[in-house]
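There are two complexes below, and they share subunit A, which is joined by subunit B in the first and by subunit C in the second.
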Partner chain A sequence: MGEIILTFKGMGGSTVPLEADPITPDLLQLKVRAEIERLPLYHGNEQLLLGDFFSVKGERSNQIRLRGDLSQVKNIGVGMQTGRIVIESSIGMHVGARMTGGEIQVHGNAGDWAGAEMTGGLLWINGSAGNRAGSAYRGSKYGMRGGVILIEGSGGHEVGGYMRRGLIVVRGNLEDHAGARMVAGSIFVFGRVGGRTGGGMKRGSIVCFNPLDVLPTFRLTSTYAPLFVTIYLRALRSRGFSVPEIGGGRFARYCGDLAESGKGEILVWQG
Partner chain B sequence: MELNGVPIEDTYAEAFSAIGARLLITAENERWAREAAASFTGFATSVIGSGCEAGVEGVASETPDGRPGVTVLIFAMSKKGLHEQLIKRIGQSVMTCPSTACYNALAGESWVSVGGKLRFFGDGFQSSKLLDGVFNPPVGRARRFWRIPVMDGEFVVEDRFGMVKGVAGGNFLLLGEEPQAVLQAAELAVGAMRQVPGVILPFPGGVVRSGSKVGSQYKFLTASTNTAYCPTIRRQVESVLPDEVRAVLEIVIDGLTPDGVAEAMRVGIRAACRPGIKGISAGNYGGKLGKYHFRLHEVLRS
Partner chain C sequence: MTVAKEMRVVKDVTCPFCGVTCDDLEVHVEDGKIRDVKNACVLGKDTFLHHLEGLATPRIDGKPASIEACIEAAADILARAKYPLIYGLDSTELHAHRKAIELADLIGANIDHTSSVCHAPSLQAVQTVGIPSCTVGEVKNRADLVIFWGANPAEAHPRHATRYSVTVKGMFTPQGRKDRTVIHIDVRRTPTSRMADTFIQIKPHSDYEVFSTLTALVNGHDLDVSEVGGVPLQEWRDLVEVMKGAKFGILYWGMGLTMTRGKYLNVVALLRLCQELNRFTKFLGAPLRGHGNVVGMAQVLTWQTGFPFAVNMSRGYPRFNPGEFSVADLLGRGEVDAALIIAADAIGNFPAKAAQHLKSIPLIAVDPKESETTKVAQVVIPAAQAAVAAEGVAYRMDHIPLPLKKVVDSPYPSDREILDRIIARVLAKRPDDGAKRAAPLPRG
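Up next is the complex of A and B:
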């Protein structure tokens, strides 16, 4: 099975984002080229065809490659269950949101809501992610409920907000409210984190490799070498995601948020 | 058939189906991993008397947490029996041992929750981490690790352990003139057999001297000493021992696969056939009880 290559032709200078929900392996693997070109896409309030915006090469494959400047293209891989999408540039908002399986690789930056409410699969962003990656949509009870988001750059505000399960790894920095109100799951941040990290968290782990201002509703319990951190770091390396060697390193464990159940934790690397 | 001048009896070892699991125990250093493994495998020589058979398989070359570790195999006659033994032995012998962690190391045909039961020791302060299946290609199975707070930090134990149908009771007998020479031959055999992956020798030092037969003159006893192989009573019973034989030792093998058991028997017998050994035989029950028959001549020819 070859791959389907979709090359973006641009939007004629329009700044209105293109909504590309149908671009998922689940759907495209069932279509021949002509059917793919006739798939409907919304551009603003106007329904147009995929072929109006993309040149299509290949058919009937769950491997999709996207080329061109896609920073104004939204909803790629939303709800995808299987297959693989490789995006050779930056991508707009909601990439991989609510995905349940498969893999998305972004060779650039991703817009806001990347992997929001995803329940499975792998979203690997080589650049930076916007705000609320892996978090809950407004009004939802839970954010990410499974799967993995790897961000090689930095992330925006409220990354991992309300997350219920899964793993978010950020090699760069995060802005404010990382892991806010998280219920479970893990966030690893190798750069710096902003203010109010873990605010309102019930359970789950936020692992920080740089000092931070811990909220007063967290309490230092101990300094130790948690094995699960080593297990995760080795797993990340085995997957090709480079992380620092911390052999023998210890972490300060802060439990919290004591304004909630207090069963969450922020682990801060002590070297 | 002879090997290095030692006659190999044309007989077979009769072995049984058993349910097996493989654990990986890691610790701060190999000493403490071995301490936990020794405790875990203690009093696990025979399913008849111990409820399971267990032994150290070897040193692990790769571990999830990067620390030194040893792998252990355990066999029982049923999934339920194995499940109970895993919970008891990990709970009493691994969780109690300083610095240890315990992981599944087998792609099972079926699975049982072990960490998921032991977690209650955490009294509500336990937590778990679910390592996504994307880190476990190509299987894609997610792995959950329970973190149980203990006095030296946390005990990490994997939630689910895999089980497979294995083989228990592969064996061969070393017949010799001098007890010391038979013991030396047994030691050499054990040394060679412990290099074979996927098998264990559950008895002390890998060797058993109290081989048994089915039944007894006492109604309350289901197994008793193997009178036909006991040299000190050879004139009182129907003995199978040649006159010059004054000591017999048995090596019992359990393995994850029949091929592994056969390979262990092969290297063990080859290592044991040396001066002082007068014959190699094997234990069976007439072929009516066990699913697996390892014919000594076939094992050595293959």
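Up next is the complex of A and C:
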């Protein structure tokens, strides 16, 4: 089975974002080229066709490759269940949001809400992610409920907010409120984190490899060498995601947030 | 020859200036002009006395035009737009809100209002954790502990203290001020500090930490730190005891929380504190809402679309996502291709980048007065000022609807009528004669 290559033709200078919800392997794998070209896309309040914005090569495949500058294109891979999407540039908001399975590779930066409320699958971003990656939509009780988000660059505010399960790994830095009000799940940050990390967290683990200002409502409970961190790092390396060698280092364990149930933890690498 | 002057006094007039929405004003009118206003604060008085100053004039591309022609030009712009924005709506009334939402639905627009740049984070926080709250009448009659946090009602809401929260005498607070403890917590002293028994100065951007600390202390935890927000922990322990010991506590917050680092999460932390305190006593929270009828727009938008602000209708149904469909972000990213600004000065208040984008697209301003927005708008439609020259309904900051009176006449139509006429012209321009706004079917 070959792959479907969608090359973005641009929007004729328009700055109105394009909403490309139908671009998921689940839908495209059943369709021939002419059908793919006639899938509806929303450009502002106008409904147009996929063929108006993309040239299509290939058909009936669950492997999709996207080319061209897609930073104004939203909703790629939303809710996808299977297959693979490779994006060869930066991508707009909501990439992989609510996905339940399959894999998305972004060879560039991703907009806000990347992998928001995802429940399964892998979202691998080579560049940076925006705000609220793996987080909840406004008004939702839970953010990410499963799956893995790997970010090689940095992330914005509230990454992993309201997270319920799953793993987020960030090689770069995060802004404020990482893991805000998270309920469970794991966040690894190899760069620096902003303020109020883990604010309002009920359970879950945030593992930091740089010093940080811990909120006053977290208490230092112990310093130890958790085995699970070693296992996670080994698993990441085996997938090809390079992480620094920490050589069995020790972590300070802060317990909180005591303003909530206080059963979450922030682990800070002590070298 | 002398002509007998028409003089009358309009009683029980509702003031449109701030969220206190005083409804006991007396306006003295002489020959269609307002001569005096009784009972109002200086802000409210100014609103009425200067209602004839700086009025806008109808024009297209800077040239004088009839209202009719302006409405036609506005409808032209909006009917053509792919991703329009309707914004403002704080200084107008309920029926204009309804018409604006109808228009947004019709043209598939983004609709947002002034909350988006003031108390929208409070609305988000309420969506996140809920709110224990009450009307100002409850505060007047029952509250024995009033805390103002990140707010300066002494200057922004001058009559809040005397009508509802500090000096007023109520059913269970018969001695007024003597029956209440008032605490002001802020990053600097303001006139509000002077009316408080206690002022606690905290470091800027430390509100979230302080709320979390107070909540942890209420929950009986001890903490490892000696100070939070630049204040010794013991002082926070004492405050918790005061809060727990109150019969009826209320925490009023302002934009010092919603527009600083942490934004809605500051308010989430505040509301969690209020909720936890209810295990010991009655303790409530309420935002001090500022500008005019901005609460009303959130109310109307919520009852009509299910969401309080940052609503997008481009797919024919409402979607809500602050950050994606909120005004500052839509403009900051330069996405919208036309804008209708009603009863608000967007360009005068927005960051330079957002204002710059507004200037680069077809812009329609509906406003009683000249503003930075009307100066650059392609189409300017002057309106009769709500609560002065047009009647309607406004919502007080505690979500109580109050009638707005028409005190004097205006040569211009009301916001409601202008929007209604724009809607009629947009409908007339579409071939299907206003059948439900539907995107064209896929071609081929």
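The rule is simple: the second predicted complex is superposed on the first by the 271 of 271 C-alpha atoms of A that agree within 3 Å, B and C clash if a C-alpha of one lies under 4 Å from a C-alpha of the other, contacts with A are read in each partner's own complex, and residues count from 1 in each chain.
Convention: contacts are C-beta pairs under 8 Å (C-beta built on N, C-alpha and C of every residue); 3 or more make two chains touch, one makes a residue touch a chain.
Just so it is clear, the model here is predicted, and its values are computed rather than measured.
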Exercise. Quick one: subunit B and subunit C on subunit A, clash or fit?
Worked result: fit
Problem set entry | Larger contact residue set on subunit A - subunit B or subunit C | C
For this session: Return first, second, both or neither, reflecting whether A:121 touches subunit B, subunit C, both chains, or no partner chain.
Result: first
Exercise. Which angle, to the nearest 10 degrees, do you get at the Cα centre of subunit A between the Cα centres of subunit B and subunit C?
Worked result: 140
Exercise. After superposition on the shared chain, which partner residues are touched by A:165: those of subunit B (first), subunit C (second), both, or neither?
Worked result: first
For this session: Please indicate which partner A:234 is in contact with in the superposed arrangement: first for subunit B, second for subunit C, both, or neither.
Result: first
Exercise. Touching A:199, do we find subunit B (first), subunit C (second), both, or neither?
Worked result: second
For this session: Considering only touches as defined above, state whether A:47 meets subunit B (first), subunit C (second), both or neither.
Result: second
Exercise. Now for A:138: first (subunit B), second (subunit C), both, or neither, which partner does it touch?
Worked result: second
Exercise. What is the contact status of A:269 with respect to subunit B (first) and subunit C (second): first, second, both, or neither?
Worked result: neither
Exercise. How far apart, in whole Å, are the nearest Cα atoms of subunit B and subunit C in the superposition?
Worked result: 17
Seminar exercise, completed: In their shared complex, subunit A is touched by residues of subunit B numbered 64-66, 101, 125, 127, 129-132, 134-135, 145, 147, 153-154, 156
For this session: Would you pull the subunit A residues touching subunit B in the complex into a rising list?
Result: 103, 120-122, 146-148, 165-167, 186, 203, 205, 222, 224-228, 230-232, 234-236, 238-239, 247, 263
Exercise. Any idea which subunit C residues touch subunit A in the complex?
Worked result: 81-83, 107-109, 124, 127-128, 208-209, 211-213, 215-216, 219, 221, 223-225, 228, 261-262, 265, 268-269, 272, 313-316, 320-324, 333-337, 437, 439-444
Exercise. Taking the complex as given, what residues does subunit A use to touch subunit C?
Worked result: 14-17, 19, 38, 40, 42-49, 93, 112-113, 131-132, 137-139, 176-177, 180-181, 195-196, 199-200, 215-217, 219-220, 257-260, 262
